[in-house]
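Sharing a structure below in structure tokens format, with a few things to ask.
Chain IDs A, B, C, D, E and F follow the sequence of writing; residue 1 opens each chain.
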Amino acid sequence: MTIHSSTTPESRLERGKRALDEIDGKAGQNVIDALAGIAPDFATYLFEFPFGDIYSRPGLALRDREIATIAALAAMGTAQPQLKVHIEAGLNVGLSREEITEILMQMAVYAGFPAALNGLFAAGEVFAARAAAEEGMTCG
Amino acid sequence: MTIHSSTTPESRLERGKRALDEIDGKAGQNVIDALAGIAPDFATYLFEFPFGDIYSRPGLALRDREIATIAALAAMGTAQPQLKVHIEAGLNVGLSREEITEILMQMAVYAGFPAALNGLFAAGEVFAARAAAEEGMTCG
Amino acid sequence: MTIHSSTTPESRLERGKRALDEIDGKAGQNVIDALAGIAPDFATYLFEFPFGDIYSRPGLALRDREIATIAALAAMGTAQPQLKVHIEAGLNVGLSREEITEILMQMAVYAGFPAALNGLFAAGEVFAARAAAEEGMTCG
Amino acid sequence: MTIHSSTTPESRLERGKRALDEIDGKAGQNVIDALAGIAPDFATYLFEFPFGDIYSRPGLALRDREIATIAALAAMGTAQPQLKVHIEAGLNVGLSREEITEILMQMAVYAGFPAALNGLFAAGEVFAARAAAEEGMTCG
Amino acid sequence: MTIHSSTTPESRLERGKRALDEIDGKAGQNVIDALAGIAPDFATYLFEFPFGDIYSRPGLALRDREIATIAALAAMGTAQPQLKVHIEAGLNVGLSREEITEILMQMAVYAGFPAALNGLFAAGEVFAARAAAEEGMTCG
Amino acid sequence: MTIHSSTTPESRLERGKRALDEIDGKAGQNVIDALAGIAPDFATYLFEFPFGDIYSRPGLALRDREIATIAALAAMGTAQPQLKVHIEAGLNVGLSREEITEILMQMAVYAGFPAALNGLFAAGEVFAARAAAEEGMTCG
């Protein structure tokens, strides 16, 4: 679960692409694809700064970074699509559904009950989609 | 670092007081004292719901809860006094200064550079005050 | 229109359930139902703190509490589903459609014209649904 | 406590000045004075739209309008100076200290505990300043 | 591209209607129409204060005013319908698609990447709808 | 007033330092200095992404970028220190005091009168400090 490459120097863009892929998976790629026709340079910045710079820093575990991101997005209440991407990302980097639910419930204290409720409903959708996908993989 | 009492039943208020004391320490008590002359019932609610209910739940470690709170308050940008209390609380429950700094820098991605800067400056004040207090204890 | 029970002691949960039912009616129950599969404990907290504790306090009339809630949610602009629930609740506890419209228009002053517009459009939907339901009851 | 002039037609500006004076008193005048050197036209707009148009409308009592304003400003958390002016205004148009305290505590539910705390501390300052002024009037 | 009428005195309402029509075009009229059944007086205020007063002031070009509005609405993140109206308005008063895209990307710095992303996706929808309409006019 | 270097390739960091110096001047340097003891890496990011990447892009004039930033920060209401830095920056890159005042007044429409007022008072402080400094230079 480390993002730092050890042997060869890697550009911010390459490192960011690798980090985004590891953390956000398909949901992250969908955002990049959606940007292609509108602002392709912004896709580059999104790889480089958040993922190539910040998420690739060694001082905080990816799991802890996703706790911070889920909390922040739920508290702000203005970024439901991104909150869903990061609930998915949290599961990808080792948070359990229970832990994510706890983070969202806790936001009632700091950002009010509506922020917590809207975060929990977003999590409900992500968990359900993931359960359906997992079932599909098992049954197919 | 567990908050759940095991032998005797404990009221929400008692459990909340114990959790607030463990997590926020003196900074939490200052908030309670400041409420005494304005809205003493609100001090009770503050013990009971955030600390007696939420922080006392077993599904997420206190250290992880403080990551979430620091991130949320820095991202919202409307609660500088509470952010300082929880930077202090983060140190109390096991976050390092480096980890707190990483959380705050990461908020640049989700809430913008000013939110991160204002959070980092708040942390700078808390760290300096704590270093001064620690030095006082050593030298005195 | 009082929520305080006079004869028997009542738990926060019971009192909250009664208050939520009186204030939010079916819309409140829908929220509780939606939480069942995601975070049932949060439904308990929602009964207990907002409704069992805060709305059940005697110092402010329910009608006045709904003025405050409608104003706050419209000004924040991050809680459209909850704003609709509380426009409905406002009607339930004695606010007229005209008064609710005035509250929302006033938010243009404090949170800007978009906040007021989005609040007014939410009210338009609630008023229309309610008119349709009332007509249904009359005609059926 | 009515703002509508009955006998002579009155301009928006005149009506707004009268309403601002009635509602906000000296605190409102301080804002107007502070604008004089920066943006005097904005003082005119402040008289005209919020006070000459909105607060002067008959569909909602001034007391109810101040409930809405206090709730909105406390929930937003970005307007502490204006919140203090309107806590003062609430007292001017008939809200009790207890009612204002209830409104602010209720904001914990919708905007989080920090918003409620910061609102309560603002109220504590306004109440103390007013108590000091009243004592001065009595003793002097 | 000037809004100030030179020969005859014009009421705020007339001036606002003319400005709204020039700036927002059909999208602005849709908002006014939607208000008709809910709060017709608010449509009047919307003509008068934002458009009759503010946008009609000579001290800042309409193009510059739309830069400010697009930036503010994207940064706030609570007014997607109004953001789309003003992306359209920006095109109407002389901003290029590239300039609007730059403004929205820049919001990543001040309000975070999600605010920029949601703004860019809104712009993508407006640009696509406009391209479709232009093609329709050419081919029809 | 162009930031793009024409002859030699320049790193993002160098370009960002040059842009920050041109745009924010001494106020920007103060922010960098304040970060030195808390999070020096964040100073690097601040040079690189906002200034080395975004402000250095050719698609929008610096003057227009500052309109967007002043509007966004005033509308958000959570970044008064940064708003002051960018009011100063706006003057540095060619906005007049009148234009900045117009931008801030316009925010009343989108973010409410308190946001506009707090922005105007921030501008008042910046204008006064600058007038004092200019007078000092003339008289000294």
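Heads up, the rule we're going with is that a contact is a pair of C-beta atoms (placed from the backbone, for glycine too) under 8 Å apart; a residue touches a chain by one contact, two chains touch by 3 or more.
By chain, with names taken from UniProt: A, B, C, D, E, F = Carboxymuconolactone decarboxylase family protein.
What you are looking at is a predicted structure, and each value in this text was computed from that prediction instead of being measured.
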| item | value |
| --- | --- |
| Chain separated most widely from chain A, comparing mean CA positions | D |
| Self-contact between copies chain B and chain D, residue sets same or different by half | different |
| Chain B-chain C separation of Cα centroids, rounded to whole Å | 31 |
| Computed distance of Cα centres, chain B from chain A, in Å | 25 |
| Junction residues of chain C, two or more chains touched | 41, 45, 49-50, 54, 57, 73, 75-76, 78-79, 82, 101, 105, 108-115 |
| List of chain A residues in touch with chain F within their complex | 41, 45, 48-49, 53-54, 57 |
| Chain C-facing residues of chain E, complex | 31, 34-35, 37-39, 41-42, 45-46, 50, 73, 76, 78-79, 81-82 |
| Complex interface listing, chain E residues touching chain A | 76-78, 101, 104-105, 108, 112-118, 120-121, 123-124, 127 |
| Contact footprint of chain C on chain D as seen in their complex | 49-50, 54-55, 57, 59-60, 64-65, 67-76, 79, 82, 98-99, 101-103, 105-111 |
| Touching residues (chain side chain C, partner chain F) in the complex | 75, 108-115 |
